[in-house]
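Just below sit the structures, each encoded as structure tokens.
Look for subunit A in each of the two complexes below; its partner is subunit B in the first and subunit C in the second.
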Partner chain A sequence: MAGYLALAVILVPWLGALAVWWAGDERRLAQHALAIVFALVTAVLSLMLLPVVSAQVVLSLSAGASFGTFTFVLDGLGVFLAIIAATIGTLAVIFSVDYMAGEAQLGRYYSLILLFIGAMIGLVLTGSLLLLFFFWEITAFCSYALISFHNDDPKAVSGGIRALIVTQVGGVGLLAGALAIYSVLGSFQIGGFLDQAEALPPGMLRWMAFGFLLAAAAKSAQVPFHTWLPDAMEAPTPVTALIHAATMVNAGVYLLARFYPAFAPVGGWKVAVVTVGVVSAVLAAVMGLVAVDIKRVLAYSTISQLGYMVYAIGVGGVFASQFHLMSHAVYKALLFLGAGAVAHIIGTRDMRQMGGLGREMPFVRAVFLVGALALAGLPVLNGFWSKELVLEAGLGGGPLWAYIAMLLCAGLTALYTFRMVWMVFYGTRRSEGAVHDAPLAMRLSLVVLALGTLTSWVSAGPFGQMLARSLPFHTLDVASTGQIVLTVLMAWPTWLALAIVALGLSAWWWRERLAKFTSRLRFLARAAAGDFGFAWLDEAIVRTAQGTAEKLSLTQTGQLNWNVLGVVAGLVVVLVFLIWRA
Partner chain B sequence: MIPFPLIIVLIAVLGLLGVGLYGLLAVRNLIKIVIALQILGKSALLALIAAGRASGQVNLGQSLALTFIVADTVVAAIGLALAVRVRRRLGTLDARELGKLRG
Partner chain C sequence: MQIPAAIWLVAIPLLATPVVYLAGHIGRAAAADLSGQVTARWGALIALAVAFFPFAQATHELAIYGPSTFAVGLINLRADGLTLLMAGLVLALGIAVILSGEPTMAQDADEVKFYALLLIMIGTTIGLVSAGDLFNLWLWFETMSISSYLLVAFYRDQPTTLEAGVKYLVQSSAGSVLVLLGVALVLAQTGTLDLAQIQATATASPGLLAAGALFLVGFGVKAALVPLHTWLPDAYTQAPSGVSAILSGVVTEAGLIGMLRALSMLAGTRLSWGMLLIAFGALNMLVGNFLALRQRQVKRLLAYSSLTHIGYMLLGLGIGIYAGQLTAAQGGFFHLITHGLMKGLAFLAAGALLQALRAADSERSPLTITDLNGAARRYPMVALVLSIALLGLGGLPPLAGFMSEWQIFTGGFLTRNAVIEGLVVFAGTMSVMSMAYYVPLVNAIYRQETSEAVRAGTSLPAVTLLPLLLLALAVIAIGIWPRLVEWLTAPAGAALVAALKG
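What follows is the complex of A and B.
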């Protein structure tokens, strides 16, 4: 029963993708309706997974000798991420009804989104590393195709290609790790690997641990691979909210969390993870301070918050990291959709041309403010609880320098968040033209996400218990929501963090008085605007890949006779090999 | 049972294979390419039957051969249909022209 449910929750959105495609671009209403219905059914199915959470393999499909068995496991970690993908996917689809109202080729748009939702759910529910790799690549493809959705815009096309190439670097790391596991254990099963990790040769384990860290850093846009995420902001905003804030970029964090028990004993791995997280969080926060494109600010903030999650895993707080992932998925989707509504209505993403929009769009301002307060980590909202848990985990299990950096980063987060809110909704209008509030479908998604931001932290206790119950290889100490609330409120680091956040706020409030000080930091701002020079690495990767492709394209003559020659040559090679073996 | 001159059949298989491959490599007319493909197919067909006989699994060899005939016919039909479309669209049957297709 549970096995069929697991299969259904992956296949229903894929069926939906076919159905939307089949409906055809002339029947726009049918396409909107089909996409919403299939996404909703997926969301309901994903919620039905909650009662059947367990550590057992619920479905195994034999896929022949060389692929091993394709298994599906409905444990807490997977089910929770599947629910996030399905519900936020549904809200993004509903939002799209208004957002994509005037666009052509809805079939391509909705099909790719539904294909992505199915692949993302498959990625987190599968227990086979090879299948995980397949789903991983499908999500990368959907991300590329949706970033480049406006394929007549060269910026969108190059952004998509860059995202694809850079995440492929991570994909190669993942595949190498999977093959290494296969070569030792003769199977791709994740559970079996976690069980026998201690018995593996340490050199092999070390390679895999750092290979997976590379994969995670590329997928989750961590330093030094982070520059693809800001470039991915050319995607339609619902896509950004779904793929580049709430789900796909979390796949790297998921990978680290999933394999944490095996890799934690590897010497230097935890320090490397902490370093990646801290450097990403701090650098991205500084870059978020100087960006002027509202979606780029949010992209840098996503990198920064993903840094928090990676950091939490590095210090052993797997639960804190997953809890922060949940909070972040909800409030960042809210912020992106809110920013999308603003940009859609006034027709630009440049914050210098916004300002004073709060009066004309009080609704968007209200929900955006909820998301912004959660991002800044102010009390009662979900971002506050999860960020405090991350910081407490860091104080308990990580190096002190990392904790202090993350604490300061919380202040930076508050600073760039309020700079953004101010530039968009307050101050004086810097643009002309009529402005109206968000239309109905947009409001619906935004309200649901705002309510989620206000309340999702209540589920912390049950969520932790679900993880602890179904993850046999992780050691998690979990408590009820009440206990978590109590510990967070009673701990002095919470108040210290709040003081730092308040400091960040007041820094924005008194920005004029600090002008003398900030003018000294001009050089830092220039460096941040230039991505601290990290762009060259991504640039080098992209250039190498494209240059090689350019050269290899000479072998594709398009001439039938040459292709036949290739076939014959291949045949000869196979024959020679067979004779040589015989 | 009729004596089975395997070597003669093998020579025929290789001969047909050579003719078919040469046709695919050297010929540019789409119709002739389809014919070359057919000759190549016949070589495989003969090889299947011979392999069935040589390994003592005559039934298996013959049923595979029958399956192959069906598939081969479909290939020929689609190949010719494509050739007709190409001729109507481009006014030529030259395979080199296909390489310049854009969009």
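What follows is the complex of A and C.
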């Protein structure tokens, strides 16, 4: 029964993708309706998974030699992420009704979103490494195809290709790790691997651990692979909210959390994870401070918050990382959709042309503020509780330098958040033209997400217990929501963190008085605006590859003499090799 | 006396050839319309469909009795896993090509000849993969090559096509001479040409090693090993697209099978051959990818991508030979099938678009990527199947290419050899790199702004879509459930590893 449910929750959105495509671009209303219905059914099905959470394999299909067994497991970690994918997916689809009104090729848009939702759910529910990689690649494909949705725009096209290539390069690490596991254990089962990880040769386990870290860093846009995420902002905003904030970018964090019990004992791995998380969090926060495109600010902030989750896993706080993942998915989807509403209505994403929009868009301002306060980590919103848990896990289980860096980063987060809110909604208007508030379908999605941001932290206790109950290989330190609230409020680091956040806030408030100081930091701002040279590095690699290709194509003369020389040269090489071997 | 199924399998296409040709001409003489061409087309289709009966019978017999050998006079025919895999693929692709019916749209008067030549090429390909002795191996190889030269140069009134045909002819002949020299060397050394006998008796002598090198390079020309590949881009680009589909999907690989058959008698030195195949595989991937990267012409891009995919097959088969790794060998053959389906689909879809967009152009100027801008708006189904083919070639799940590459890579890691594992990681990276040229093509197809060519294009007959949709469905189905073709790949892998175990 549970097995069929697992299969249904993956296949229903895929059927929806077919149905929307089949409806055809001439029947726009039918396409909107079909997309919403199939997404809603998926969301309901995903919630029906909650009562059947367990560590057992619920479905297994033998795929023959060298493909292992295709299995699905409905444990807490998987079901939780499936629910996020399905519900936020539904909200993104509803938001799209207004956002995509008037756009051509709706069929392709909705089909890809539904295909993505199914693949994301498959990614988190499968118990087979082969299928994990299988779905991992499908999500990368959907992400690329949706970033490049506006195929006529060269920026969208290059952004999509970059996202695809960077995440796939990381994916090679996952591939190699999975194959190495198969070569030792003769099976692709994740449960079996976690069970027997200690028995593996340490050298091999080390390769796997770092291979998976590479894959996770690329997928979750961590330094130095982060460059694809800001460029992915060319995607339609509901896609950004769904794929590049709430779901796919979390797949890397999911991977690390899932395999933490196996890799934690590997020497140097935890430090490497912490370092990746801290560097990403801090660098991205600084870049978020100087960006002027509202979606890019949010993209950098996503990298930064993902850095917090990666850091949490590195210090052993698997529950804290997943709790922060939940909060972040909700409030960041809210912020992106809010930003999308603003950009959609005034027609630009450049914050320098916004300002003073709060008067005309009180509704959007209200919900955006809820999201922003959660991002900045102010009580009692969901981002506050989860960030405090992450920081406390860091103080307890990680190096002190990392904790201090993350603490300061919380101040930076508050600073860039308030800069963004101010530039968009307050101050004087810098644009002309009539501005109206968000239309109905947009409001519906925004309200649900805002309510989620206000309340999702209440589920912390049951969520932790669900994880502890169904993850046999993890040792999780969980408590009830009440206990969590008490511990957070009684702990001195909470107040220290709040003080830092307040400092960040006041830095924005007194920005004019600090002008003398900030002008000394110009060089840093310039470096941050240039992505600290990482984007240049990417482009250099692409240029080299293309240059090599051009040069190599010169060797294809098309002249028969040279061609036959190639044949003769081949023979000579083979003969020389054979003589050398003999 | 009952004639074995394996002989029927070779005989049916060859026997049908003169019938189809004559019937087509008589039909054309009797009625001055297209009926002669229709007759030829249906005749060829029926012949290939009928050939599936002995194919099914032979598959059944193989599963029960194992590999077997039959003699027809002096000709030895061998039916094992390799034979049936190639026979099944070439028959399926042949039917797809005939159904897509490209020459009909080109209004080409030589259509009767096209079908007759196609049947010969299919029959001789099956003959090549079932040859049981060295001389017949060479003979089938030559006849297959000759029929394919004529098909490559099918549009013979165009200078570029003739140039491509001549290059193909000269280079393949050079390869063929090397093979013949190798055959002579083997005969001089062992006094026999029977593959099984040589394998049982021969020891690794310098003469036999030299013969092996000649086989490797001689067949390697046909199999497009870098740097022997230079005929390939021109031939694939200039041939009718249906012919490109069969050339890239089967004929090139038949060269590979011929090479494996010839090398299998030198089992004692399999380590060297395995290493050489792996090295050529790595070179093919690298060079193929770089040459495709900046390519603006669609068919040329697909041609270069074939180099890369031959590289994956060489990697899998090479690991299979080098380490006796059954999974890798099976993966190599699995990739042979999936590549045949995907590349066949890509060429047929590109061919359909070429016909539609170049209908008014008597020069048949090549199709560029920019010509395809916005093609999805006018030809949604062709655009969809072409995208499926391209993404499948790039190794994306849930498409067939992913699963076959996965099996090759698994086989590589199962050897627990650090160098081979490194090469597998390299191959994975190459697969990522290949996305950099498949994906912009897909992007162009789905643009809003349509190109001049698309706006001026003619509509496509619905029947053209049928084989494309069937191939696309196969690509998706195998990508989701790789077991579907295990019955073909497992015996083929076993046959290779057994032949080279020594």
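Simple rule for what comes next: the second predicted complex is superposed on the first by the 537 of 582 C-alpha atoms of A that agree within 3 Å, B and C clash if a C-alpha of one lies under 4 Å from a C-alpha of the other, contacts with A are read in each partner's own complex, and residues count from 1 in each chain.
In the analysis below, a contact is a pair of C-beta atoms (placed from the backbone, for glycine too) under 8 Å apart; a residue touches a chain by one contact, two chains touch by 3 or more.
Note that the structure is a prediction, hence the values are computed from the model and not measured.
K.L.:
With both structures placed on chain A, which of the two partners, subunit B or subunit C, ends up touching more residues of subunit A?
P.N.:
The partner that reaches more residues of subunit A in the superposed model: C.
K.L.:
Going by the contact rule set out at the top, does A:473 touch subunit B (first), subunit C (second), both, or neither?
P.N.:
In the superposition, A:473 contacts neither subunit B nor subunit C.
K.L.:
Of the partners subunit B and subunit C, which touch A:558 in the superposed model: first, second, both, neither?
P.N.:
Both: A:558 reaches subunit B and subunit C.
K.L.:
Contact-wise, after the overlay, does A:175 reach subunit B, subunit C, both or neither (first, second, both, neither)?
P.N.:
It touches subunit C, and subunit B stays clear.
K.L.:
With both complexes overlaid on chain A, does A:549 touch subunit B (first), subunit C (second), both or neither?
P.N.:
second
K.L.:
Looking at the overlay, does A:575 come into contact with subunit B only (first), subunit C only (second), both, or neither?
P.N.:
Only subunit C is touched by A:575; subunit B is not.
K.L.:
Between subunit B (first) and subunit C (second), which does A:363 come into contact with in this model arrangement: first, second, both, or neither?
P.N.:
neither
K.L.:
Please identify the positions on subunit A that touch both subunit B and subunit C, taking each partner from its own complex.
P.N.:
558, 560, 564
K.L.:
Which residues, counting only subunit B, touch subunit A once they are in their complex?
P.N.:
Per the touch definition, subunit B meets subunit A at residues 21, 24-26, 28, 33, 95-96, 98-101.
K.L.:
Which of the residues in subunit A end up touching subunit C in this complex?
P.N.:
Interface residues on subunit A, with respect to subunit C: 63-67, 104-105, 108, 130, 133-135, 137-138, 141, 144, 148, 150-152, 157, 160-161, 164-165, 168-169, 171-172, 175-176, 179-180, 182-183, 545-546, 548-550, 552-553, 556, 558, 560, 562-564, 566-567, 569-571, 574-575, 577-578, 581-582.
K.L.:
Spell out the part of subunit A that touches subunit B in their complex, as residue ranges.
P.N.:
Subunit A residues touching subunit B: 557-561, 564-565, 568.
K.L.:
Applying the document's contact rule, which stretches of subunit C touch subunit A when the two form their complex?
P.N.:
Residues in contact with subunit A: 166-167, 170-171, 174-175, 178, 206, 209-210, 212-214, 216-217, 220-221, 225, 227-231, 233-234, 271-272, 275-276, 287, 290-291, 293-294, 327, 330-331, 391, 396-398, 402-403, 406-407, 409-414, 416, 421, 424-425, 428-429, 432-433, 435-436, 439-440, 443-444, 446-449, 481-483, 486, 490.
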